[in-house]
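One chain, chain A, appears in both complexes that follow, with chain B as partner in the first and chain C in the second.
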Partner chain A sequence: MNQLTVKNLVKKYRHTTVLDDISFTLEPAKIYGLLGRNGAGKTTLLNIISNRLFPTSGDVQIAGEDVNNNDALLSKIFLMSEVNLYPREMKINQTFDLADAAYGDFDYDLANRLLKTFELDGDAKVTNLSTGQRTASKIIVALAVNAEYVLLDEPILGLDANHREAFYQELVKTYQEKPRTFVLSTHLIEEIQQLVEHVLILDQHKIIVDDGLDSMLAKAYTISGPTKLVDDYVAGLKVLKTELMGNIKTTYIFDDLDDQRPIPDQVKINHYDLQHLFIYLTDGGEK
Partner chain B sequence: MNQLTVKNLVKKYRHTTVLDDISFTLEPAKIYGLLGRNGAGKTTLLNIISNRLFPTSGDVQIAGEDVNNNDALLSKIFLMSEVNLYPREMKINQTFDLADAAYGDFDYDLANRLLKTFELDGDAKVTNLSTGQRTASKIIVALAVNAEYVLLDEPILGLDANHREAFYQELVKTYQEKPRTFVLSTHLIEEIQQLVEHVLILDQHKIIVDDGLDSMLAKAYTISGPTKLVDDYVAGLKVLKTELMGNIKTTYIFDDLDDQRPIPDQVKINHYDLQHLFIYLTDGGEK
Partner chain C sequence: MQFDFDESAPLYQQLADQLEEMIFSGGFDEGSQVPSTTQLSQQLHINPATVLKGMNILVAKDLLEKRRGLGMFVKKGAQQKIMEQRKESFYNDYVKSLLIEAGKLGITKQHLLDLIERGEKDESING
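Take a look at the complex of A and B:
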């Protein structure tokens, strides 16, 4: 299996720049979280990677070759998107056949088992499904399709907590049995923190974070205590947010923690989670 | 302020029972979580309470009086729903005026501040908004409307993590300044656990839990350790789910924890969260 490389992607619509010189690499057999606020450009990026949209400039390569109009390479990339591309009369079972025809070796056993997990009838027409059921039917295709790069754009739309949990468990299971690359683009950051190994954050049309999850979380910690002591300690560190309650100041840091530095007794250090890190990084600084 | 009482509500459509003898009470000045799987009947229930739908039998009372067609009582109840009830050309600002006309004393100061929080233009037409923007515009009305009972049906649809966090913070703030009753119906259970004081769970068209959050969570704990010891300890307790890894058994309990009972050294007790409790309670037993 080969790397997928996104190189200097730019996408402009008249006066609007949606993607502004985006470069990153997707490694084989890894689970990525693609995070961004509404309107940051996530869907456009995924559409370009899967050749549904053309970039203004830049390209997407697998093993050094441009995927654009290269059917052999494009058959390694699958996109599950919010848009419903199926004809009106299509049944869920027929969407499996379509994925089999396009990508080969569709995992019908897995798909049929997942129909039961998500309480779906394979003979139901896709257009007659509720939002949650339609999402579930697309998840089944995305987990059973034979592709090395599976891109999931908002894969939890309309799912209740039980079906979201089932989706996360099935994703991990199929990934362990047959490692391939998944890119999860979702607003439910708290829930996917346990799944993703690497995080890409798209903000204001640029990639602002491209880092391993563990490495990111190690840099995300709060320093709290008496204002003076906290101010002294955090001098020179990147502070994302500050809270003051009486004389107790809490600062949210995103920076390397220096283990060698002595910490005053009254100062406490705690870690915080990916969702809050994301919010503070993309809120446009302190408010 | 007075209690709102739901009494023996039944709603049937031909051969389908959507609500099966539902009774509970909403206290003044309390935040409720109304939880249920897709199709459990939550939206129907909220529509009946706010008089948008008629029940097959049973009624909704405030201070012992039926709210049905009682304008004085209905003006105490506001429903924010997924359905868009506004005419095509309506601007966000005009939805504020509508809420003011219907309920009086609309909090325009709060609404105008929240327009900035959610990055909305008050002169924008509701039909031109994205899903997340439309949700935000409805949240503003729901937080600024002058009603004693504010029912929120899926109030986070399409919101990114930043705007969800802003919504939760603003809800707590307005609740503290002017206590009234909120009912939050949502699938994002993990996120609202910090907000709600009381939980109603609707499953298979019936209320299966009507309890304070703290009381519920006190009963939600895992017992894990060597199989034999765990089996002995949990005998007689309500077990929602069991996991086995080698000889280590983990059981998810929903029952009173007996502090007096000695716990074997090798057995560990941990609490688990509301979202998982909900999933295990509504998954139809062990799978």
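Take a look at the complex of A and C:
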């Protein structure tokens, strides 16, 4: 299996820049989280990677070859998207056949088992399904399709708690049985935090974080204590947010701490989670 | 089997700590098999790489052993080993911080000894 590389991708619509010089690499057999606020450009990015949209400039490569109009390479990439691309009368079972025709070796056994898990009837028409059911039917295709890069755009849209649970479990299961790359694009961060190994954050049309989850969280510290002491301690560090309560200041740091800097007794150091890190990193609004 | 995660440390570290606690408290007998990486990651929805990292900490500490094709097992003598490690860190983890706090509060050595004696009689600790 080969890396998928996104190189200097730019997408403009008339005067609006949706993606501004995006570059990153997806490694084989890894689970990624693609995080971004609404309108950050996540869907556009996934559409370009899977060749449903064309970039203004830049390209997407697998093993150094441009995927654009390259059927052999595109058959390695599958996108599960919010939009419904199937004809009105199509049944769930037929969407399986479609994936089998396009990608080959569709895992019908898994798909049929998942129909039961998600309480779906394979003969039901896609157009008659509720939002949650439609999402579930797409999840089934995404997990059973034979592709090395599976991109999931808002994969838990409308799913109830039980089915989200089932989805996470089945994702881990199929990933272990047949390691391949998954990209989970979502704003429901708390639920996927434990599943992803690597995080990409898209903000203001640029990638602002491209890092392993562990090393990212290792840099997420809260420093709190008397204002003066906290100010001294965090001098020179990247502070994302500050809260003041009485004389006690809490700062949210995204940086490596200086081991040599002594920590005053009254100052407390803790970690915070991905959800908050994401919020503070992307809280700038349109500039 | 109940795991409880927070933000205090990397997930793999917490997983290792809590598995160690289960071994120590006899939740897993010595020589018995612990859940596989596959089982744990599916049950807890944790990335398999993270689970493996946590398991490997316990392998490195000589508490778990990998038996090829069979899975992970609690090593003979694991409980004893954890006991020894904890005794060693008892001074750093408890005695030091006890003395530091006592110093801040102006509690004398004699007073501390009295408190320890009081604790020994406290039914809410021993009862």
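The definition used in the following text is that the second predicted complex is superposed on the first by the 282 of 287 C-alpha atoms of A that agree within 3 Å, B and C clash if a C-alpha of one lies under 4 Å from a C-alpha of the other, contacts with A are read in each partner's own complex, and residues count from 1 in each chain.
By our rule, a contact is a pair of C-beta atoms (placed from the backbone, for glycine too) under 8 Å apart; a residue touches a chain by one contact, two chains touch by 3 or more.
Since we're looking at a predicted model, the values are computed, not measured.
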In the overlaid three-chain picture, which partner chain does A:Leu159 touch, first (chain B) or second (chain C), both, or neither? first
Touch check for A:Glu190: first (chain B), second (chain C), both, or neither? first
Is A:Ile31 contacted by the first partner chain B, the second partner chain C, both or neither? second
Touched partner set for A:Ala144, first chain B, second chain C, both or neither: neither
Which of chain B and chain C A:Ile77 touches, first, second, both or neither: neither
By the touch definition above, which chain A residues appear in both interfaces, chain B in one complex and chain C in the other? 165
Chain C - residues contacting chain A, complex: 5, 7-12, 37-38, 41-50
Chain C touches which residues of chain A in the complex? 31, 165, 168-169, 172-173, 175-176, 194-197, 213-214, 217-218, 270-273
Over in the complex, which chain B residues touch chain A? Could you list them? 37-39, 130, 132, 158-165, 187-191, 275-276, 278-279, 282-283
